[in-house]
Amino acid sequence: MVTDWLIHAGLVALYLFLAMVIGLLFMGIARKITARIQNRVGPPIYQNFLDLGKLLAKKTNIKHNWIFDFAPLFGLGGVLLILAYLPMGGYIMLSGQGDLILLLYILAIPALGFALGSGASGNPNAGVGVMRALTLMLSYEMPFLIVILSLMIFYNTASLSVLLQKQMNYLWGIAALPISALAADIALQGMMAEKPFDIPIAPHEIASGPLVEFGGKYLGLLMLYSAGSIVVETSLFVDLFLGGGIVLNPTVYGTLAYFVNYLVWLALIFVVWMIAIFVNAVFPRFRIEQAFKFYWKWPTVIAIAGLVQAYVMSVFLGVVP
Amino acid sequence: MKAEQIFKELGLEFEKLKVKGNTLPRYKAEVKPEKLEEAIIKFKSNGFNHFVALSCIDWIKDEKFELVYHLFSYKEKEDVFLSIFLPRKEPKYKTLRHLFPQIETYEREIHEMFGVEFEGNDRLGEFILEDWDDMPPMRKDFDTVAYAKKKYESVPLIDEGGEKE
Amino acid sequence: MKEFELFIGPQHPGITGNFMYHLWVDGDTIVKAEAHPGYLHRGFEKLMERRTWQMNVALIPRICVPEPDVNEAVYAMAVESLMDWDIPERAKYIRTMVLEMARISSHLLTMGGYAGSIGLYTVGQWAVGDRDYLLDLFEQLTGARVYHIFIFPGGVRWDLPDGFLRKLEKVLNYLESRLEFYDKLLFANEVFFRRAPDVGVIPEDKAIEWGVTGPNLRACGYNYDIRKLDPYAAYPDLDFEIPHYPKFGDFEVLGHGCDCYSRMLVRRLEIEQSIKILRQVIKKMPEGPHTLKLPNPLAWKVPAGYAYARVESSKGEYGYFVISDGGKMPYRVHVRGPSYTHGINVTETIAKGLNIADFSQTIFSLDVCAPDIER
Amino acid sequence: MNENPLPSIIPDKEWKKIQRMLSKRSLWMIHFCTGCGAMEMPPVMTSRYDMERFGIIPMATPRQADLLLVTGYVATKTLKRIVRVYEQMQDPKYVIAFGSCPINGGIYWDSYNIIKRLDKYIPVDMYIAGCMPRPEAIMDAFLKLMKDIDEGKANGWMRYRKYYDQYRRNQMRIFKRWDE
C-alpha cells in the first residue's frame, strides 16, 4: 500500500519534472526555429536552461508587497495543479468525475495568480497588461467552451479519462470533429498568447506588460510557469483531439504502452507547438478589441458549426463512440 | 500671389539670398516687430502656408536678437524669411503659436537656448535642458568650454584605494 | 477607470531612439500626450560656432543618425550658396547616388522598426539584414559604415573606387528581389490591413500648416517632394515618380490617407523609386573631376550672408539655415529637422484619442528621429 | 551574488563558478538607446551578426536585464535615467560603454551638455573605442566581457556597492534633484 503510494508520488514528480524540461526545451526550439525563419543562426536549444539557471542564481531585491512575492509561486503552483489533472501520454495523476469542467475552472488559476502579482506591483504597464490578458481570456474562452461542449455531446462524457478511452477505441477527435478541432486550434493560439494574440505582453506597447516588474528569481519562477503553460496548452489540445497520444492500450501492453504513448504524446504536442510557432513568426499582433471581435466572430462561428455537427452526428445519425 | 507683390503691398524692402544647389528663390525682409503678425497672416492667406522654421540669431555686437520666421509656399514655390530684431537686454515678444502650431515648439526652444520671452506661450520652461544653472547656452557670450571644464572635469574620479591611473 | 500616466521612453522598446512621451491614459485611450526631448542634446549649434567651416563637416553627420548623409549634403549646399560655388557634374551625380542609397537604407530601417512595433519581428530582421549590403557599399565608398563624412562643400571627398557601380547594380538587383518578400509578409498581411488603416490620422487640410513634410505629407495625398520642387544635385536630369496617396500602384488603397498605412506604403514605394534613380545614375554617371579645387582648408573666407539649403531626406524636409559673418567659423547654424514637427507637435496632437496599442506604430510610421529634434 | 542555496553540498567556490558560467552565457541586455551607437545595434541583433547566438537578447525592462549598453555620448538628462535604470537592474549586472564619447567626451569634448567620463558616475566593465564602433567590435566586446565574467574580473556592480557614496556624490554634482 505504502509502496504503491510512493511509486505513484515518484511518478507524479517525474512527470511534472519532465513537463518542465519539455517546456523549456520547446521554448529553446521555438527560439531556434524563429531565428532560422529570420535568417539567423539563433541560440542553442538548451539556451533556456541557462537563462533559467541564471535567473534563479541572481540576487533579487525587488520589494513591493507580499502579494507580489507570492504571485509567481501561485502561478507556478496553478500550472503544476493543471499538469497533474491533464493526462500526459495516457498517465493520469489526479482524476475525478466531470474533470473537463473542473479543468476549465483551474485553467484560470495560474493566470489569476499572475494577474494578482503584476497588479500588486503598481506599475501602470503591468495593469494594462493584466487587463489585456483577462480580456483575451474572455475572448478565446467563448469558442473554446463551445468546442468542449461539442466534445461532451459527441463522446457523451465529461471525464477526460473516459474521453481518452473512447478516442482510443473509436476515433480521434480531430477525425470525428475536424471543425471543432480547427476552432480549438485558433483558440489555442490565444491561450498560448502567441502572435497574433501576444497582446498582453506586447513589448513595443507596454514594455512586456505584466512581466514588467519581475526580475531575478521571480522571473525565473515565471519562466518555469510559462514552460509549464506550454505543455499544459499543447497537451490540452492533444488530449481533446489527438487522443492524448494513446496508441497502445495500457491494459494490454502494460508499462511498454505508457512509454510508447508518452513518446507519441511528446511528438504530438511538438507538432501542435510548431504550428503555433510558425504562425507566431509571420503575423503582427492584433489590438485587444480586434482580438476580442475576432474570437467572437469566426472561431465562434466555426465552433458552433462543430457543435451542430456533433449534435447531428450523435443525436440524429446515432453515431455513438 | 508672388512674394514680391506681397512685399510691395506690405511696403517692405527685401533682398534676395544667394542660392546654389537648390533652385527656388529666397527672399529676406526685415519687419518691425509690431507688424510681423500682420505680415505673416498676409503671407499665410496668400499661399505661404508651410512654416519651415523659426531661428534666433544672437548679434552680440549690435546688442540684438534676430528672430527669423521662415515661410514657404508650395504653390508659388518661393521661400520667405521675415526677420525681426529684439533688444538683447530683456528680449520679449508675443507668441505666434495660434498661426502655426509648431511655432510653439520653436518658441520653447528659443526661450531655453537664448532666453527670449514669448508672452502668451504657457509652455515655456524646461524643455531640452534639465537642471540648467547658467545663462542660456546658445548666447554668444556663453563659454561652453569653460562651463564643461567647471562642471564635468572638476568631478573627481572614484577613489578605489591603491589602484591609481 | 481612473486616468493614469504612462511613460513611453526613454527606456522603452516602443520608441525610436532616446526620447520620451508622457501619456495620460483613460482605459485604453490616450487623452493627452506630451513630448520630452533633450536626452540626446549635444549642443550642436553651439559647437558648430566654435569650429571652422571645414571642421564642421566631421561634426554634422551625427545630427541625424539613421540617415547622416543628408546633413553633409545640406551643409555643403549651404556653404556653396554662400561661397557662390558651382560644383562639377560628377560630384552632383555622386551626391545623388549617396543620398539615394542613404534613403533606401533609412527606409529599410523604418520598415523594419515599424513592423517590429506591431509585432512582426521577422520583417525587421530581414530588412536590417538587407540594409547591411548597402552599408558595405558605403564602407567601400567612404570607409565608414554609418558616419561617412563624404559629401564636402565643393564636391565629394574622393572619386568612386573601381568597379563600384557594378557592385551597386548587383546590390540593387538583390534588394529588388527582396522587396517581394516584404510585400508578402507585411504589405499583404491581413493583420496589417486591420491595424494600420485610419490609425494616427493627420487631418489632411492641416497637414501643411502643421509643418508635415516628406513621406508623411505625401501620405496625405500631396505630391510635394523637394527633389522635384526645389531640385538639387542631379535630380533635375533624372526621371522618377513621387508615390503619394492614393497612387499606390499594385497595392490596395485602404483607409482614407494620412494614416499609418499610407505612410508605410509611400515609404515602400519610394524604395522602388530610389532603385530606379540609382539605376539611372549608374547609366548616366559623367566623367570629370569629383570636386572643385578647394582653398586652404584652415582659412576659408566665407562671405557674410544668409543661406538656406534644403534636401528631401527620408523623413521629410531637412534644411540648414547658415549665417556667416565673414569669419573663419559659421556665425550661426540653425538645423531644421523634419522630426521637430513630426515628433513634438504633430504627435502630441494626433495622439489624443489613440489607443495605447497604436501609439508606438504611429511614431514609428511618422519616422521620428530623436537626435535631429534636440541636436 | 546570490547566497549559496546548498552550502553543505556545493562548496562556495564552485557555486560562484556555476553562477559565473550561467550569467556569462545568458546576458540579457536592456533595450535603451542612449546615444548614436544604438544605430549599430540593429545589425548586431539581426541576421548578419546575430548576438542571440551567445544568448544575448534585448529585454524591455531593467528588472529583467543584466547588461546595460551605454551606446554613445551621455547627456546630463540621460545620465539620470541611466543611473535609474542601472540601480533597478538586479545584481550581478554589467555595463558596456560604446564609442569614444563615454571615455573622454570624444568629439563633444567641449559640449556643455555631455558628461565626459562615464566611469565617474557608474562603474563600467568594458569600453569599446571608435566612433561609432563596428558590429565586429561590439561582438568582440561581448566575448571579452564573457571572458571577464568567467575570470571574475567584471565586478563593476560590486564596486558600485562598495563605493556607492562616492558614486552618488559625483552623480549629485550633476543632478540638481534626484526625485521626479
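Things worth noting here:
Chains: A, B, C and D, in written order; residue numbering restarts at 1 for each.
Here is the rule we use: a residue touches a chain if its C-beta (ideal position, glycine included) is under 8 Å from a C-beta of that chain, and two chains touch if they have at least 3 such contacts.
Computed from a predicted model, the values in this text were never measured in an experiment.
Among the chain pairings, B-C comes first (most C-beta pairs in contact). Here the chain at the heart of the structure, going by C-alpha means, is C. Relative to chain B, the most remote chain by averaged C-alpha coordinates is A. Centre-to-centre separation of chain A and chain D, using mean CA positions: 37 Å.
Measuring from the averaged C-alpha position of chain A to that of chain C gives a distance of 45 Å. Per-chain CA centroids place chain C at a distance of 30 Å from chain D. Rounded to whole angstrom, the centroid-to-centroid distance between chain A and chain B, based on C-alpha atoms, equals 60 Å.
The residues of chain B that reach two or more other chains are 129-130, 137, 142, 144-145, listed in rising order.
With touch defined as above, residues shared between interfaces to two or more other chains in chain C number as follows: 12-13, 38, 41, 43, 46-47, 50, 125-126, 129. Counting partner chains per residue, chain A has residues 38-40, 203, 207 touching two or more of them. On the side of chain D, the complex with chain B involves touching residues 76-77, 80, 105, 109-117, 119-120, 123, 159, 163, 166-167, 170, 173-177.
Residue ranges of chain A in contact with chain D, taken from their complex: 31, 35, 38-43, 47, 50-51, 53-54, 57-62, 203, 207-208, 211-216, 219. Touching chain D in their complex are the following residues of chain C: 10-13, 17-18, 38-43, 46-47, 50, 58-59, 62, 65-66, 109, 112, 124-126, 128-129, 131-132, 135, 145-147, 371. Against chain A, the residues of chain D that register as touching in their complex are 1-2, 18-19, 22-23, 25-26, 28, 31, 46-47, 50, 52-55, 59-64, 66, 89-92.
Every residue of chain B that touches chain C in the complex is listed here, in rising order: 17-24, 26, 28, 49-53, 55-58, 68, 70, 74, 77, 79, 81, 100-102, 104-106, 113, 127-130, 137-138, 140, 142, 144-145.
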